[in-house]
Structures are given as C-alpha cells and as structure tokens.
Amino acid sequence: MIKFNQVSKRYKNGVVGLRDNTISIEKGEFVFLIGSSGAGKTTFVKLILKEIEPSQGRIFLDGDDITKLHRRKIPYVRRKLGIVFQDFRLLPKMTVAENVAYTLEIVGGYSKRKIRSQVSMVLGVVGLLDKSNMKPHQLSGGEKQRVSIARAIINNPKVLIADEPTGNLDPETSWEIMKILRQINRRGTTVVMITHDKEVVDIMKKRVIELNDGKIIRDQMNGGYGYEG
Amino acid sequence: MIKFNQVSKRYKNGVVGLRDNTISIEKGEFVFLIGSSGAGKTTFVKLILKEIEPSQGRIFLDGDDITKLHRRKIPYVRRKLGIVFQDFRLLPKMTVAENVAYTLEIVGGYSKRKIRSQVSMVLGVVGLLDKSNMKPHQLSGGEKQRVSIARAIINNPKVLIADEPTGNLDPETSWEIMKILRQINRRGTTVVMITHDKEVVDIMKKRVIELNDGKIIRDQMNGGYGYEG
Amino acid sequence: MKVSYTLKETFKNLWRNRLMSFASITSVVATLIILGTIFILVLNINNVSEGAKDQFTSIEVYLEDGLDFNETESIGSEISALQGVKLSEYKEKNRALEEYKEQWGKDGYLLDGFADNPLPNSYVITLTKIEFADYVVKKINEIEGIEEVRYDKDFISKIISISEYIKTIGFILILILIAISTFIINNTIKLALDSRRTEISIMKYVGATNWFIRWPFVLEGTILGFVGAMISTGIMYVLYNYTYTILTSDFYSLIAVYLVGVDKVLSDSMVLFITIGCGIGALGSITSIRKHLDV
Amino acid sequence: MKVSYTLKETFKNLWRNRLMSFASITSVVATLIILGTIFILVLNINNVSEGAKDQFTSIEVYLEDGLDFNETESIGSEISALQGVKLSEYKEKNRALEEYKEQWGKDGYLLDGFADNPLPNSYVITLTKIEFADYVVKKINEIEGIEEVRYDKDFISKIISISEYIKTIGFILILILIAISTFIINNTIKLALDSRRTEISIMKYVGATNWFIRWPFVLEGTILGFVGAMISTGIMYVLYNYTYTILTSDFYSLIAVYLVGVDKVLSDSMVLFITIGCGIGALGSITSIRKHLDV
C-alpha cells in the first residue's frame, strides 16, 4: 500500500528529516511508527501526503508512483488518505460539523442528508456530538484532536495516518480512540500511527517501525515500544 | 501561591469549564493537574493567566487578588508566571532564540550579552541549541514543545504552569523534561503540571489534583494517576 | 462541484470575514469615488471645452457687390450644402451697418452720415465643428461671387489645440486613475485574503482541488467588487445630481448647457465601476490565492 | 523599554512582513499620487482662473470735453492713487479713433470723413484684482471732470463668481480626497496588520505591555507612510517637472504664465504627503492593533 524506496528528505535549511529509508507497508496492516522527538516521523507522513517532496528515492501509494506528481493530481492522492495531523489543522472559521463535513463536500456526490448523517455518526464515535456547532477555538486540546480524528475517518480512506492521535488525551479517551482505529483497521483500512505512548504500543502488539535521526533502526512484527518486545 | 475561592467559569456559549472550585497551592509545591479531555484543566490555567475572567469566585496569586484587574496590570501578573502552552504559542516569524529571548526583552534591563547567554543556557537544557536560528514552522512537534518550555523557564518565574509539556514527546525526552521541572521546583518555583502521562504521575509521587467535568474530585498528596494511589 | 455549495460557502465566508469584507468594500468604494469624480470632471470639462470652442466658429463671407437675388440665394445654398456648416445666415448690408452703429453705442450717430452704405452683403456661417473651418473656407473660396472670406485662422487653430490638449490630459488622467484604482483594489483584496492562507493550505491538505477552493474566493471577490461598485454608483449619482441641479438652476446656466446629463453619467460610471469592481475583485482574488494554493 | 530594541524590532518586522510592507507602501503611493495630481491640478486651475480673471478688468473712463492738461493729469493721478488700480493709461481721442478704424478693417476708410473727432479722451484702467471693480468705479464717479465710466458690471460679477466657484469646488475636492486617502491608507494598514493578530496576542500572553507591543507597530506604520510619501513626492516631481517643461516651452505659453512653479508644488505636496503618510501610518497602526491588544 505504501512503499518507500531509498527515500531521503533534506530540508531547505540543511536539516535531514529522513535518510535513505526503504520500507513497505501492506494493505490492511496496522503499523506503529515510533522514535524520539525530531526523528523524522512527521516527515514520513508529510512525504506520503505530498506536503513535501523527497530529496531522493521513490514513493508508491496504492500501486502508483507518487514521487513526481502533477500539482493537479495531488488532491486525488490526498483523498485516498485520512490524516490526523499532529497540529490538528482545523479550519478556524468553520464549526466542528463543518470541518468534518468538508472532506465529503470536497469529494462531492453526497446528498445533504447523507452528509449530515455521516457527520453525526463519526462525531458520535469520538464523543463530540454535543460540540457540533462550536468553533475550534472553543474546544479543549483533546477535543480538537478528536475532531481531527473524526475528519480523517469520515470518508473511509484506504490509508489512515494518525500523527500522535492520543497526544492530548487522557488514558481512558486514548483507549477509546485505539478501539476506533482497530475497528477501522479490521474493515480493511491500512493504519499507520505515530505515537509516544509506550503502553499502547506494548499492549497492541502490532508491527513497530522505529526511526532514529531520520533512519529506520527497527522494523518488527508484534513489537513493543522498547527493544525487549 | 495560587488560591481559588469558589471559582466557576462558564463560557459565552454556555459550556461550563469549571464549577465552584476552592483550592490552594502553596509556594514551592509541585502539583499534577489531571483529568479527562475537556475536564477543565486548561481553563484552570487560563484563569490564572488572566486569558479569561472567572464567572464567579475569587482568584489569588502570590498574595494578590487578581480576580478583577485593570488591563494595564495584567502584563505584570503574567511576568510572574512561566507558562508552557498546550498549543505552544510561538511567535511564527521569530527564530527559536528570538522567541525565547522575547520574555527577557519584555521585562527589560538585561544586557544583550546576558540575554544571549541565558538563551543559550535554556536552549541547551531542552536540547535545542542547534535549532536556535530556525523558525517554528521548521520544527517538529516535540521541538516546538521544548521551545515553549525553554521560554517558560528563562526568567525564573515564581510559578511555572505547564499544560501537557510532554504531550508530543517520546518517553526518554519526557523524562529529561521532568528532570528539568523537578530541578526548577527544587530551586523554589511552584510548579503546576497538566498531564495525561500515567507513568510520570505514578512515579513522581507528588500532589495530584483531579478534575472531572469542571469539578475537583480528588486532591491527594503523594498521589498516583488512578484512584489506587 | 455543486453550484449551491459554492454559493453557500461564498456567503458564509463573506459573513465569517465580515470585518475584512467591510474593509474591502469601503476601500473599493473610496477608490471608485475618486475615479468617478475625476471621470465626471473630465467628461464635463471636455464637453464644456468642446461646446465653448464651437462658439468661436463664426466665418464671415463677404459677397461681391451687385449680385441679384437668385445668385445670392444659390451661393447661400451652396454654402449650406458644405459639410460642417451648421447654419449660414444672410446679413444684408444695412443690417451690418446697424450692428456697427450699435457697437459704437453712444457714438453711433456718427455713422448716419453715409449717403450710400459702403458695407457688403454677407453670409455669417456657424460650423458644426471648429475643425471644419479650414475645409469650409477653402470650399467657399471656390464659389463664384465671393469677395472675401474672413476668419481668424491662428485663433481657431490655437483653440483647437487647447481643446485637444485638455482632452488628452483628461484621457491620460483617467487611464492613470483606472490603473491606480485597479492596483489599490487588487492590493486590498490581496491583503484581505492573506489572513486566510492557513485556511487555504488546510483545505488543500484534506484533498480539495484548486478550483474547489478558488470558486468561492472568486465569487467572494466579485461580490465585494460588485457591492462596492453599486454603492459608489449610488453615491456618485446623489452627488452629481445635487451638483447638476445647483449648476443648472442658478446663473451658472451658461456652463450648464454643456454639462453631461445625469443619466448619461450614471450609466457610464456604472458600467465603468462594475467592470473595474467585479473584474478586479475576481482577478484580485484569483491572483492572490494562487501563491497560497501551491501546497 | 529600550529605543534600540524598538528600532531593531521595527526594521525586523518590516523585513519579516516584506510582502505586506510592499503592498502597503504601494497602496500609499498610489493613493498619494491621486491626491497629488488633483492637488496640483486644482492649484493650477485656481491660478489660471485667478490670472485669466484679471484680464477682464479693463474700465474705460471717458473724460469731459475741453479739460486742460493739468486737469487731465490730476484726474489721472487721482485714479492711479485708488486702491486696486494697477495701471491707468491715457488714451487720446485720436488714438481711440485710430483703434476704431483698425476694428473696421477694410472698411476703416469710411471713418476718414469726420472733420472733427467726435470721440472723447479717456483713461483705460487695469485693476490688480477684479474684485475692486465696484469700489473703483464708485470712487471715480466722485471725481470731477468725468463724463462717463464704462464697464460691464454683469460680466465682471459673473467672472468673479465663476472663479469663486472653481476655487470652492477645488477646495472641496481636495478635502474629500484627503479624507478618502486617509481612509484607504488606514484601511490598508489595518488589513496588513490583521494577519498579525495571533502574533500580538501571543506577545500579550507572555507578559508584554501594550506600549511595548505598540511602539514597533507605530514606528512601522510611520515608516511605511513616510517611505510611501517620499516615493510619491519623487514621482510627482518627475511628472510635474516634465509637464511643466512641455507647457512652458511650447505655444501653450499663454497658459504657462499662470502655472505654479515646480519648486512650490514640490514643497507643498511633500508637506502634504508626509503629513498624511506618516500621520495616518502611525494612527492607522495604533487604531488597528487596539482591538488585538485586548487580551
């Protein structure tokens, strides 16, 4: 589903985000991407999202080479992905419901009623039905994060990439989110989750890819957060 | 140091952030403020910071009643506080070093050399000396969080309030930060830390205040994250 | 892409960014009113100078002595048939003498002494346009029975060139103003949209195509420009109507004859305003979001 | 608060927001150039209308027949002594007749027949200002030895009121333009600063006082305004200098006499531009950050 072929990313200011990584994530997998702060995890996500271009190597998504892509085609790649951004990226002037619905509006072809029912459904899943009409600045950190999750899952993406989806959540809410991700994964969606939550990684027993200083230093099935797994 | 006297906060849209809480945090204490997403933790911080006004009750800081304060006096209250914001709040167009130095520039009376050495010192503490000249948008999530921490501690505040200072950090870096906070606390600074990190709370054995739905439901010395402590 | 979505989104955005919308519209109005005022001034100054100019176009054609009625008539109709001749009036030599007497005023009696009127009969010609003077004079000189054609060549050509000059200056002024207005409106819309670059980039990140994002912006810009144009037209109408009424009522009426009518001004400036307002509104938003779209 | 900090911060901000700075300056320049053009036009039209007006101020004073040299002289000096009289020229009756002959042109020989010149001697008076006409005529009528004073009262008062009218319109136009320019510049700076509200609120949250935040902004606004003003002055200078040279060189020189000098225009518009540019720059930034400061 996602394939990195000797991919490196060096930012304009000379900082290296990723160095020469080759990795393949198959359809339907559930992968934890871990590593210390600044290791390159978000860089990995941004490359798939086409927010940044790789300096070297090739990237494949869903069988297509997306390394070089015409600007016009980028939106269609992004629609295959559901992304939970580390910094949420909610539209500040839209309400929670509008933010979540936006993904469906973009794709088009949904009736008003269909959109409304889908939005209610996902907002219910993340427990924010009562905040539908609030603006992002009226939400707590964890609530913003959950809106971001709701938006990522609403159109059943082929791949769900979550950048620290539980970073601002208490353990209880975190587990609710993990349950949702597992459900989605069971329905066939490939899930890549970046996290610092040792407990979650250790308990879930999924594939773990560890980055350090831009380089993959571990790729382990049924792994844990530390080396002992 | 911080005293809440029957404080309630109801937001304009009717949502209740805090309901009728009375609490007192003494000088030199180290307090964990925990609670699920939307419990009112950030609301608590915003009230001390005078970002929002309480709907009811009185708030005292360092012996002064800050419930009603003339607009002009607010900056001087804020200078007593070091705050790590949940959403970082870095000045987007300044470099890391400028962001951190800004707190000293505001207070004034520091020489250029003094400012430069202080900035290097705190950036060294959070491990970001090599990113001094970068802009916030060039940083990873965890790096932004550490800049925010550096800025909060640079002018030796009387009270340090940290809203999820380790939310975006891997366990290792988290512990580095915890060490710094403990050090600062030992030097006499009152520390209030909001966190979802069970492990940290359990191991540190400090006073724990737990909020639920805007109400303090637990206030325990040497507490743990869960009730069993 | 549904039209209904675009429309809904546009109006929501106008409202969400109402301060910006207000600031943009007022800037558009301010700019267009400057443009409009100068436009009307130039239009009127042109008109007055055109009109005033044609007041100087009298040409006197002295006829030879002793022509009979038919000959005189035929010369008259030949002259009238010339292109550019508005009016040719026959002036009998006794009328001419009377006029001289009037000119002399109180000393007019001195002219009573002539036994025989020494003045010639003449035609006094008014032209439709002063520019025809040369041509008409040339043609008249070819007619038989003409003793002399009198007109002030230098004076006429000076007046023509001054009026040309006023027209050119006015035209250049308006062109410059249109350019500057375009620029200011474009700048305003650019600044207003710049605070929304985060919004635009987020939209791109969740998979919106450029045109999906652009349409509401373009429509927004167009509406801002359109509303600005309509308000300006309204204000210009009230102001000009007021001025016009004052000017035409009072003793200024000698200027008033040449003023451009309120309706014509209204329709001209409305076309100008709407073209500029909407055009630049739309173009401004397209160009100013272009750089933000590139993510 | 250190001055050095404010200065450093100001210039850093101008650079950090260079696109905004550029947009603001260009808008200021555009607005001021409109203002300046109209300002110069009004200045010159006023001047020309003032000058042209005084060309019409000739008053003819007919003297009684049979005054001797001394009497004539003393009337002349009495007239010259009147306030508002620029020049009084004695016209002997034979000169007057000659002039009539010239007027008659080819028919002038007809006037040769007079045995005795029937015209009176006269003084032809030029006034310094047309507004003195009434007063001067009244005074002259009191002088002994005057037969009649001739001037066109209606015409003069019409010309006075037209020139007043032009002046008033010009003045109002400039006032309106100053208001509109103020408005546009203020709006532009407001829009430019609006994208920095997050920045301002963050500054407040870490303990900055209002004035600590405000100073760099005020200075920034002032500098933007000042730079805009200087550029506009430069452009106006080049343009006006060019136009002036063309107008004074060529056959338009009859207008050119009344043109306002390049230096005067330059200094006047520089004062105007800098006042407006800096003033509104500073005021604009103060007012537009006020609402953001309230956190």
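All chains are identified by letter, namely A, B, C and D, in their written order; residue positions are counted from 1 within each chain.
Everything below uses one rule, namely that a residue touches a chain if its C-beta (ideal position, glycine included) is under 8 Å from a C-beta of that chain, and two chains touch if they have at least 3 such contacts.
This is a predicted model, so every value here is computed, not measured.
Where touching is counted per the definition, chain A and chain C have no chain in common. Comparing the CA-atom centres of all chains against that of chain B, the greatest distance is found for C.
In terms of their C-alpha centroids, the spacing between chain B and chain D amounts to 63 Å. With centres taken as mean Cα positions, chain C sits 68 Å from chain B.
The geometric centre of chain C is 24 Å away from that of chain D, both derived from CA atoms. Shown for chain B are the residues in touch with two or more other chains, of which there are none.
Of all residues in chain C, none touches two or more other chains.
With chains as nodes and touching pairs as edges, the resulting graph is a single ring in which every chain has exactly two contacts. Working note: touching chain pairs come out as A-B, A-C, B-D, C-D.
Against chain C, in their complex, chain A makes its touches with residues 49, 51, 71-72, 74-76, 78-79, 81, 83, 85, 89-93, 102-103, 105-108, 151.
Chain B makes touch with chain A in their complex at residues 11, 13, 15, 34-39, 41-42, 86-87, 134, 138, 140-143, 145-146, 163-164, 167-174, 196, 198-199, 225.
Those residues of chain C that touch chain A in the complex are listed here as 1-2, 5, 13, 16-17, 198-199, 202-210, 212, 294-295. By the touch rule above, chain C contacts chain D in their complex via residues 19-20, 23, 26-27, 30-31, 33-34, 37-38, 100, 104, 107, 110, 113-114, 118-119, 148, 158, 161-162, 165, 173, 176-177, 180, 183-184, 187-188, 190-192, 194-195, 251-252, 254-255.
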